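Shared between the two complexes below is chain A, which has chain B as its partner in the first and chain C in the second.
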Partner chain A sequence: MSEERGSSAQTEEDEDLFVSAMESPEAARLSAEDLSPSSNGPRDDDPDDLFAEATEEVSLDSPERQPILSDGPSPAITPVSISPRVDVFDRSPDLDEEEEENRDTFDIQISVSDPEKVGDGMNAFMVYKVTTKTSLSIFSRDEVCVKRRFSDFLGLHSKLASKYMHMGFIVPPAPEKSIVGMTKVKVGKEDLSSVEFVEKRRSALERYLLRTVKHPALLKDPDVLQFLESSELPRAVSTQALSGAGILRMVNKAADAVNKMTIKMNESDAWFEEKQQQFENLDVQLRKLHVSVESLVCHRKELSVNTALFAKSAAMLGNSEDHTALSRALSQLAEVEEKIEQLHQEQANADFYLISELLGDYVRLITAVRGVFDQRMKTWGKWQDAQLMLQRKREAEAKLQYASKPEKLQQARDEIREWEGKVQHGERDFEQISRNIRREVGQFEKERVKDFRVVIMKYLESLVHSQQQLIKYWEAFLPEAKAIA
Partner chain B sequence: MMQEGLDDGPDFLSEEDRGPRAVNVDLQTDATLQVDISDALSERDKVKFTVHTKSTLPNFKQNEFSVVRQHEEFIWLHDSFVENEEYAGYIIPPAPPKPDFDASREKLQKLGEGEGSMTKEEFTKMKQELEAEYLAIFKKTVAMHEVFLCRVAAHPVLRKDLNFHVFLEYNQDLSVRGKNKKEKLEDFFKNVVKSADGVLVAGVKDVDDFFEHEKTFLLEYHNRVKDSSAKSDRMIRSHKNAADDINRIASTLYTLGTQDSTDLCKFFLKVSELFEKTRKIEARVAADEDLKLADLLKYYLRESQAAKDLLYRRGRALVDYENANKALDKARAKNKDVLQAETTQQVCCQKFEKISESAKQELIDFKTRRVAAFRKNLVELAELELKHAKGNLQLLQSCLGVLKGDT
Partner chain C sequence: MEGSSAEAALSVSANSIRITDVTQDGDVLTFAIASQKLNSSAGVCVFRMYEDFDWLQQSLFSEENLPGLQGIIFPPLPSKALPSQSNTQTKALKQLGFLALGQDWQSYCKALEFYLQQVAAHPTLCKCKALDSFLINSESPGKQRGRKGIFNRLSQAVEEMRKESHKDVDNFFQNERNKNTNLAASSKVATEKLLDVVMTEQKLAVACGHFATSLHLCVNQDDAAAVAFSKVCLKLSDVIEAVKRNYEKVASNNLSTLGLGLDLESRYQESEKEMLFRRTCKLIELETVKKGTEKAKANKREVMEAFQKAVEKEFNLISSVAKQEIERFHSSRVKVLKTFLIGWCELQLNTAKEFAELYSQHLEACRNMYSE
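For the complex of A and B:
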């Protein structure tokens, strides 16, 4: 499969994904840094191309794509045909090898931008512009712009989760709510922290959408398409924390937790046990790392502030120094420190927007992954329950055989057939979800490797840039210091 | 070259630190009298300094000898200079600050208590960190005590002081006890009177332009150095905190690297290694900034205070002189106790003129020393910052190279 390098517009899109928070012109430097791959190797291994993917259009009726007829459980919704080309594709979870490859070659760009405050006081909310640029045919247009608010995103996630999680799909979690953060915004505080909060949220929403559409089944989901394309969206009230639906969610979560403790699964497949343990370990370490990185961000910001204070103080000292050359050198020192303060601030932003947010995202993603394993356990439980029930029905039938109650016997036999069907169903569901999870986890791990590599490399490049700047500043200062006579 | 200072234990006893540690003052080392602190021992809450003297002066019994002194004995020596009227016209070298290991000791104790809650590697790492910190504080206090002695030894008049010679040579305990409560209270009141006085004296405009200028200059300079010193301390502390965070990040990345089932394991291990090294450099940057910038500012805070004290003494002498003049006029007018008034006036006049003469030279020397010290330290600071930034850059670029090639 041949691919072309993404256009420069797409490269900018990459940069915006993580560094649009940076106001300073230094941000340009990051995008200007030629992240060109060192080799022309297989595209999959290219760490730089997060989204500058091939522009080759993914044709939905290309010969490689065979219509897949699912024999698995029917999905919660019926396949909706968006365009004639799509109905080859029902919501089958059985994607073949080609499918998985094609997953990486999709041509869609999503950006979340232009946060706008609507309304006043406690009823105010932020509205974001969601722009989708794509050549995929499931979309009605090449470029669509819609306005969405935060609860719309939460609503989308809630729908996707209820549709796909029980099948073992890893549905990317939506960004977290923040009552404190939003209250500040609502109250109208135009200070730095509320600006930062909005930017943090905007960036998180963008990443959320990108992760969602990366999943081929989710990409074609009508709710997703509606979210991205339709100008009006019914308000998702069930996402409010204290709504009826919210309470129900909390109750369900509690019930799930109890179930988890009571279901003791006979794990016949070592793969699942191993993976669960791995994800548990990963969870612990990522959380630890996240905490350390947050601490680093905090201390770097502190360092920036303190450097600025010192710079001013050094300038004052230079002013009162009565030896001319020393006075000048001290003023120069103050200038250097001012520039360094700026550098620390930018570095703190990089720390945050690149690493800290990535870690936060993955901590939540892993929770979703572990949730999917729990679903499998639940499915197994249902299957076991069905088997138990069948057993009971058979016992009941056996007893009735000597009771000469022909109606009841027939009923018992009917019930046995019913439960045999349910057992079969249960077993099939279990196998299905196990298959799905294997595939999902495989894909997830691939994405994880890519994500981490790309982000960490970007981060290291930002560190390189910092050091280069530092060298420049001190090299300029040195002759000034030497000139003190 | 770039690997300098990147060995496993942060090496503060590198070559540049041996030899005369009087980094804050540019002193002429004179063969007739050389003083240094050749060794120091930290014992519970006491530090014992080995003061080593090399001298060709006839005043001493030997050409080379050593004694052991504690902080209180340095303070005794300093105070004896301050209280000596003969030295009123000189800038008395500021006393070294008391060795303070409390913070470091507290941290080591906390670490010991928290030993159970961290892995063995983490514990060993943190222990090494704290021990290095302790060592750094220790070295600093040695340097500051040494600078004091060197300043005295370099001063044409103070070096001849008898108490100084006793301090250097008498190999028994000087039995100098710290000031008791009564004496401390006396000191406190003396300072209160002095500062009230200081305000009074500062308000008197000096006829002499040189001293008028110096007064204005020193008052402002002292305040600004105080501010810069405090701000530089805070900046450096933030820097240390950030380096500590990177340390923890490196540890967690290492664990991730050992646990990960994907290709990321090698990646994490490499990045962890990188951060371990850059973190050491960052810690070194903070330490160097501390030595070259923070310590410099702290020292000149104390020296500018000593210079202010000199001006105060001169101002005091001037007021006394003027008062004696007025008293003499009154006495002449009343024709009573004229001789006594004349003698008093003579004494005051001489005292004032003697102080003025030496004070002028002292203040000029102070400026020369200050400019030289700042130059030396700022140049060294810039050179060290460059060295560390280049070291960091090299590590980062080489790691990036490896990671990119690994794909």
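For the complex of A and C:
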């Protein structure tokens, strides 16, 4: 029901916007249909649609594509879909650079803090405070605080993904859902693991938002602005998919669907093939690294535990000891070891939050990147499909020339015009998504290097700090040891 | 040195005894032992296997001309190492603890070296022929069928446990027994916990190594972006490699100082425990004899009394030797622990300084590289 309301609302708006660019009413109808939320491309019910099956399979995994607009009229109906308004994102190279510069100096700080549990039992959920500090003019205030729950973040992501992925924009993935982690929190276990879980999630949500606003198109997106600024947010439902795992499933299904067709994409641009291979390799490598560093974190935590146990045993030894100075030295030893345990704990956190989470984030980002490459293949497929259809229509029209059925001939000619439009449409989309992807990938690679560099420096800073603390502890202990007489 | 009296002192200097080398041939370890002769600048070097050490220890246990022998706290000999392939590390750890760690049996050799030095430094034991012969004779003495010592390690028999808690007649000794029980238990636990720490440090170092290697696999020269990313990965790899070396050093420091120290302390406490137990057994024997004498019929009484006097004399002798040994033990163990603690602290301090410097250099290099 609300779906129709949504699409009709869209139709009105879009017709207004497209009138100038449109050649015929059919095209306008076409674009409205394209905006229908149930498909991201050819309509499902088009019997000649070679991709119907693929789209259906995909939408089974991403049901949020339907409910997006069922939340009511959202100011987020942005006229930025695949449409003949090709100039929206077809920027001149100059503009690109300017925007990229702005990326580097953009002035916005976002923090996610103060997790609070709301409600009881299995209906409980965590609410996080999202604070945005900025001098950018698109925001209504310098500093805004709002309260958001996890599903709000997922909702935001699914909206952004459905709007931008098919244009080749790399939409940063939202943090993973965790049934186990969340259940512990709901059930009210105030133990260390649920505290760690909440902290891990808080940090992931913060990184997610920071990555999202780094993207100039996403920063301006009304959904993002609404998320960051408005005190009330319509509750996002059906936020099941488009987690990292969700995207991967979608990517794989789409890839399988494409492969099922005997369409082998004629890659005219080697850049795409090479990049795709690179990202596949990178995916494998990053996953390996992630496993490696998780092992590191695990051992570091184990070291912390064992150091604490040793500290206790040293304290007991000091207590059993008769000789005063030796006893004191042993007690000091125990204290030093306790402090070292604390250092190990801090270092384990650095290992985890800096390196492990960075690698995890990038594994998920690479999945989003691969998703975008797959969207390009789909777009190409659609274009090819339209060309085939046009061919058929032309053949049909040629046949009808010799039959005396003037109405049918007219209809055939109309259909030819329709499909010519679709072919043009398809080619433009393909070129646009290819352009977008090139730009996005370039930016992604720059950001990647920056991100890693920042992490290395922070990690080194933590290492230097640890060692300096250790020096202090050992220097304090040495006179105690020497004082044993 | 055949024919010299039991009173003859050791012909080499106790401090100079070193185990300079160890070779492994299948299951068998052979140790090269060097020492400095007292009356000349000549050095002596002999080759011994574990059986020889065992022979030495058994000889000391069964030394005949030492009154109150049972009151001596014998320097503890480490268990035999079984280096065969089938012996997994867990078995070795269980058997030897800290001494199983370290490269090429270094810790084990160090412990054997301590043993020899302590025997040689003991005012009574240093006079034993067996020691001199062990250190000087080119022929290894272990081939001789040694006499089994008159006492073995404490067994866990229930009867022994009961005897162990037998109340003492002398406060000094009762206190000492109590203290020893506590210290023996605490030092054993502390040694085990430190061993766990060192094992984990080593595991951490290995994990760092794997991670650093995996980072190398991310190197890709396809295009400028890939090259930039590869450089970053290699940098991180270098940093993690440094962390690995850091933990290897920290673990090795722990092992070579505090680890060895706690291990030695723990085994020495056990040795004291054995001595105290021997004395307690003698005490029980004396009390039993006394009771028997009281109950004895007139005709047996004189014999019993004479016997009782002999046992009493033995007991008193053991007690007086034990007292001396205990005092000597207390002062020497404090010195030994002090040395280990200082050594440990200094090594760890140096390592911390070394790596603080290294990490700072890396950080500086990164800051310079990344600011351009």
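What we mean here is this: the second predicted complex is superposed on the first by the 342 of 485 C-alpha atoms of A that agree within 3 Å, B and C clash if a C-alpha of one lies under 4 Å from a C-alpha of the other, contacts with A are read in each partner's own complex, and residues count from 1 in each chain.
One rule holds in what follows: a contact is a pair of C-beta atoms (placed from the backbone, for glycine too) under 8 Å apart; a residue touches a chain by one contact, two chains touch by 3 or more.
These numbers come from a predicted model, not from an experiment.
Q: Which of the two partners, first being chain B and second being chain C, lies in contact with A:Leu289: first, second, both, or neither?
A: Both chain B and chain C are touched by A:Leu289.
Q: Thinking of the overlay built on chain A, is A:Ala314 touched by chain B (first), by chain C (second), by both, or by neither?
A: Both partners, chain B and chain C.
Q: First (chain B), second (chain C), both or neither: which does A:Gly442 touch?
A: second
Q: Could you list which residues of chain A make contact with chain B in one structure and with chain C in the other?
A: 278, 281-282, 285-286, 288-289, 292-293, 295-296, 299-300, 302-303, 306-307, 309-310, 313-314, 316-317, 319-323, 325-326, 329, 333, 445, 448-449, 452-453, 456-457, 460-461, 463-464, 467-468, 470-471, 474-475, 477-478, 481-482, 484
Q: What residues on chain A touch chain C, complex-wise?
A: Interface residues on chain A, with respect to chain C: 274, 278, 281-282, 285-286, 288-289, 292-293, 295-296, 299-300, 302-303, 306-307, 309-310, 312-314, 316-317, 319-323, 325-326, 329, 333, 355, 442, 445-446, 448-449, 452-453, 456-457, 459-461, 463-464, 467-468, 470-471, 474-475, 477-478, 481-482, 484.
Q: Help me check something: in the complex, which residues belonging to chain A touch chain B?
A: Residue list for chain A touching chain B: 37-39, 41, 45-47, 278, 281-282, 285-286, 288-289, 292-293, 295-296, 299-300, 302-303, 306-307, 309-310, 313-314, 316-317, 319-323, 325-326, 329-330, 333, 445, 448-449, 452-453, 456-457, 460-461, 463-464, 467-468, 470-471, 474-475, 477-478, 481-482, 484.
Q: Applying the document's contact rule, which stretches of chain B touch chain A when the two form their complex?
A: 213, 217, 220-221, 224-225, 227-228, 231-232, 234-235, 237-239, 241-242, 245-246, 248-249, 252-253, 255-256, 259-264, 267, 271, 274, 278, 367, 370-371, 374-375, 378-379, 381-383, 385-386, 389-390, 392-393, 396-397, 399-400, 403-405, 407
Q: For the complex, give me every residue of chain C touching chain A.
A: By the definition above, chain C touches chain A via 179, 182-183, 185-187, 189-190, 192-194, 196-197, 200-201, 203-204, 207-208, 210-211, 214-215, 217-218, 220, 222, 225-226, 228-229, 232-233, 235-236, 239, 243, 330, 334, 337-338, 341-342, 344-346, 348-349, 352-353, 355-356, 359-360, 362-363, 366-367, 370.
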